[in-house]
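Dropping a structure here in structure tokens format, bear with me for questions.
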Amino acid sequence: MFKNSTGKLLAYLALPFLLATGCVKEKKTETQTTTTTKAAAAPPSDEIVIGAVFPMTGAIATYGQESVNGIKMALDKINAEGKLTKKIRLIVEDNKGEPVDSSNAVRKLINIDNVHAIIGSVASSNTLAGAPIAQENQVPMMTPASTNEKVTETGDFISRTCFTDNFQGVVMAKFAKETLGKSKAIIIVDNSSDYSKGLAKVFSEEFKNMGGELLGNINEYTYTQKDTDFRSLLQKVKRTNPDVIFLPGYYTEVGLMLKQARQLGINVPFLGGDGWDSPKLQELAGPEAIKGNYISSHFSADDKDPQVQKFVQEYETNFKQKPGAMAALGYDGMLVMADALSRAGELSRENIKKAITATANFTGITGNITIDANRNAKKSAVVLETTPTGMVFKQKVNP
Amino acid sequence: MDYLAHLTLNTGIFIILAVSLNLINGICGQFSLGHAGFWAVGAYTGAAYGVFLAPEALPDFINLFISCGIGFVVAALSGLLIGVPCLRLRGDYLAIATLGFGEIIRILIMNMDVVGGPRGFTNIPNWSNLFWVYFWVVITIVFCANLLRGTHGRAIISIREDEIAADSMGIYTFKYKTLAFVIGAGFAGLAGSLFAHAQQFLHPNGFTFMWSVIILLMIILGGLGSITGAIVGAVILTILPEMLRFMGETVSQWRMVIYSILLICLMLWRPSGIFGKHEFNILKFFKKDEEATS
Amino acid sequence: MSENVTYFFYDLFQYLVNGLAQGSIYALIALGYTMVYGIIKLINFAHGEFYMIGAFIGFYCLVSGMPLWMAFPAAMIGAGLVAVLVEKIVYRPIRHAGRIPALITALGTSLLFQYLGQGVIGADPKAFPSAIAEKTYMLGEVIITRTQIIIMVVTFALMVILYWLVNHTKTGKAMRATSFNMNAAELMGINTNKIISFTFFIGAALAGAAGVLVGMYYNTAEPMMGLIPGLKAFIAAVLGGIGIIPGAVIGGLVLGVAENLVVGFWISTYRDAIAFAILILILLIKPAGILGKNRKEKV
């Protein structure tokens, strides 16, 4: 028999090599499939399977839940109208708001569920994590709400039905300078979000171009997601004596910051982007602090348009709350998808992709959607004023 | 790449991470909670090589090899940098200090615009495949297993068993603690590089302290100090959360709750982990005497 | 020039006030960490979740119309009872299995509460009702709010009560004995199980109090709220010397003030990095924490 030590050494060596040989075999089959075709297996033909990747748990779960509510409402409408010959089956995957989980979820939807197309996600960093996989497998992926420029640059299978940060930043800079007549702005950036950084950059360039003055270094007034105490940061902001503050962030932090700012005696208006747009903002900031701030967003719940009002009413009966921008975007996203499916003819992924990118003048509740050559949606933005009772429509800005 | 193949590949990467952390935590007995930091260092340096430096002329596997090498070396160096001051601390103090460094690394990456910052690092070439990942898995396991059999390994084990006794036996404990720490960090960096080239996208939030905890859970689940245990733990904890995705919408919704309950139950029933300190040994069946090993 | 100097001092004092208020919260949570660690040498990672539970009990009490003076103790007792239950069901069976399995169980419990909270309550932040009318006081140009004063006073009072409890009562003596040597304490007729349960209760009750205070201060409560303050409080406890009651308070205040100074005079991006750097620095100079005594380990 073996000596004690030799035996152990052999055993150690044997185990990993057993593992390794198993894997070499797997590797061979894998290369075979990749050489024949890069794309995933064809989707089933008896029904339409749409995958949805959204943060259903985690820090930004409200966005995901609202989006999925909107998508499900749109789905009911589509299936009831019966414009499509086949039924749509929706598979919702949770990405916890995390990049790694997003890519896992996209992989699962493509390889296991064989989806025709994917809708998702909200946070741009999540969509960016999933997009390369969809592109590689040539599965159309359409995001209803990721506004970062980079998202659709991933490839021709990635598109979006919302406007981009560039547009939003310009809208707010113009609003600050021309409508409000302010000239000394300061920007507070959420340093852990590219959405916030991107908006800040566009705003600062545009504001300076129009002759406004930007106080302080853009990298100096920053915070991080999940922060709750902004008093010292705001004290620093107060010292620079601005007449308007641009705060492109998400409502969870913005709500707290507004309240603390008013306590510190900062009474100039805050401006923000669509990240503010949640019914929660009013509750978090409280009735006093919420007054007199402005945001750019995708849609307004008090838009008099009958289509919008119908959506708002239905949403309220279904989910017992007012719809935020994410719900409206999810709703429109699903409708655009269904519209594309109805125009695609034979439902191959290539055809679906072409149909999505050919979308023109689609009348949604968030505006007229036309998808341009870069697969970004050209559509109008609205400027809303935040009041204790909700967002109030201020003006509409067309591209 | 196929979902299952990708899952297998991720499992391999986590095996490397678990085995390397096991070297620090299980075998040397130094409680580190900063493994995700070294993983991140390896991932970002490996990816940076792939995006900025890699000559296109070289075949993918050579590029991957270089990338892994860079990931290993840089992570090992940062391990040295962090280990030298921190390893003077003991137990829980060391744990919190390494945790701190792990977070500092993440915050620094978050503020580096070259590698994307909060936007994430995109367009990383897809070089990893099952063969090369498992090639490195084998290397890691063989290396760690063999290390334990030599003088250095025995010295490292003696630190876990009793540091003061080891000191009085004339073992330069600080040197061996640092050695284990640096090697462990290096392999974590290597795993990071493989991970970057498999995922093709990195985000600083993918390397939070929670991930250090998950890797720690893997080795504790398998049995602290056992290499086989680390492997089994890594396999279970990578596959379990994904498996729960397939059990219907309600299970999927509550999967993180189920996951944590399973974890608590396992600890209640078998606190030493699945393998304890033992190794699974194929030749055990031929042998009569059970040896007391690490 | 002299105007700049005045501004500098006003700002400095403002940051100090903000830092002390925030540090008091860390201190309250750190007290529980330190007590549990002191008695059974367990890093109770679920401690941040007791703080979250306290905040939510306070939230539901206030929403249902209860006055603050009732909601506050309700939150403390509620969080304490949950902790006792967790200790009985989860930690007690595993206590003798060694420190690492206990630590993992604590991590598991922490995850369980976070995700259970998300599943049951929902992940979105809840707006905490303002239980008292907010008022601000001006000291020169330095602004101090009523909630900040309440936070500091309550923290200080609770620390004094705790200090008295541990050092001048019979139960406190039993706690110290259990912490010193559990077997010996048992032989002396101390019911150590009861003492440990009691320690968990007190620690979690303090965390619950911190939860309600934070809810009032920031106006928000959400299931993941325990994660980061829990971590910070742990750092604070180690900073002050783990197991030492005044140490936890000093650690918490140092951490809170340091963070606010970094945000105020430098960039908030590096706030957490600086917090950790301070911790590592202090540990290297004084490995047992600010108030800790360096004890040589014996074989």
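Which chain is which? They are A, B and C, in the order written, and residues in each are numbered from 1.
Here is the rule we go by: a residue touches a chain if its C-beta (ideal position, glycine included) is under 8 Å from a C-beta of that chain, and two chains touch if they have at least 3 such contacts.
From a predicted model like this one, the values you see are computed outputs, not experimental measurements.
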Item to check | Contact distance in steps, from subunit B to subunit C | outcome: 1
Next on the checklist: From the centre of subunit C, which other chain's Cα mean sits the farthest off?
Outcome noted: A
Checklist outcome for this item: Highest contact count belongs to chain pair A-B
Checklist entry - With chain centres defined as C-alpha means, what is the inter-centre distance between subunit A and subunit B in Å? => result 32
Checklist outcome for this item: Chain centres from averaged Cα atoms put subunit A and subunit C apart, in whole Å, by 35
Next on the checklist: Could you pull out the residues of subunit A that touch at least 2 other chains?
Outcome noted: 57, 191
Checklist outcome for this item: Shared-interface residues of subunit C (touching two or more other chains) are 115, 118-119, 269, 272
Checklist entry - What parts of subunit B, by residue number, touch at least two of the other chains? => result 110-111, 253, 256
Checklist entry - Okay, in this complex, where on subunit A does subunit C touch? => result 57-59, 61-62, 65, 191, 219-220, 222-224, 226-229, 231-233, 235-236, 239, 252, 255-256, 259, 263-265, 280, 283-284, 286
Next on the checklist: Could you list, by residue number, the parts of subunit A that touch subunit B in their complex?
Outcome noted: 1-2, 4-5, 7-17, 19-20, 23-24, 26-27, 30, 33-34, 56-57, 92-94, 98-100, 103-104, 107-108, 110-112, 124-125, 128-129, 132-133, 136, 148, 150, 154, 191-194, 197
Item to check | Contact footprint of subunit A on subunit B as seen in their complex | outcome: 1-6, 8, 12, 110-111, 117-120, 122, 126, 129-131, 134-135, 137-138, 141-142, 145-146, 149, 199-203, 205-206, 227-228, 242, 245-246, 249, 252-253, 256, 279-284, 286-287, 289, 291, 293
Next on the checklist: If we count contacts the way the header does, which residues on subunit C are in touch with subunit A in the complex?
Outcome noted: 7, 11, 14-15, 18-19, 22, 115, 118-119, 122-127, 130, 134, 136, 143, 145, 214, 218-220, 222, 224, 228, 260-261, 263-264, 267-269, 271-272
Checklist entry - Quick one: in the complex, what on subunit B touches subunit C? => result 85-86, 88-90, 92-93, 95-97, 99-101, 103-104, 107-108, 110-111, 162-165, 209, 213, 216-217, 220, 224, 253-254, 256-257, 259-261, 263-264, 267-268, 271-272
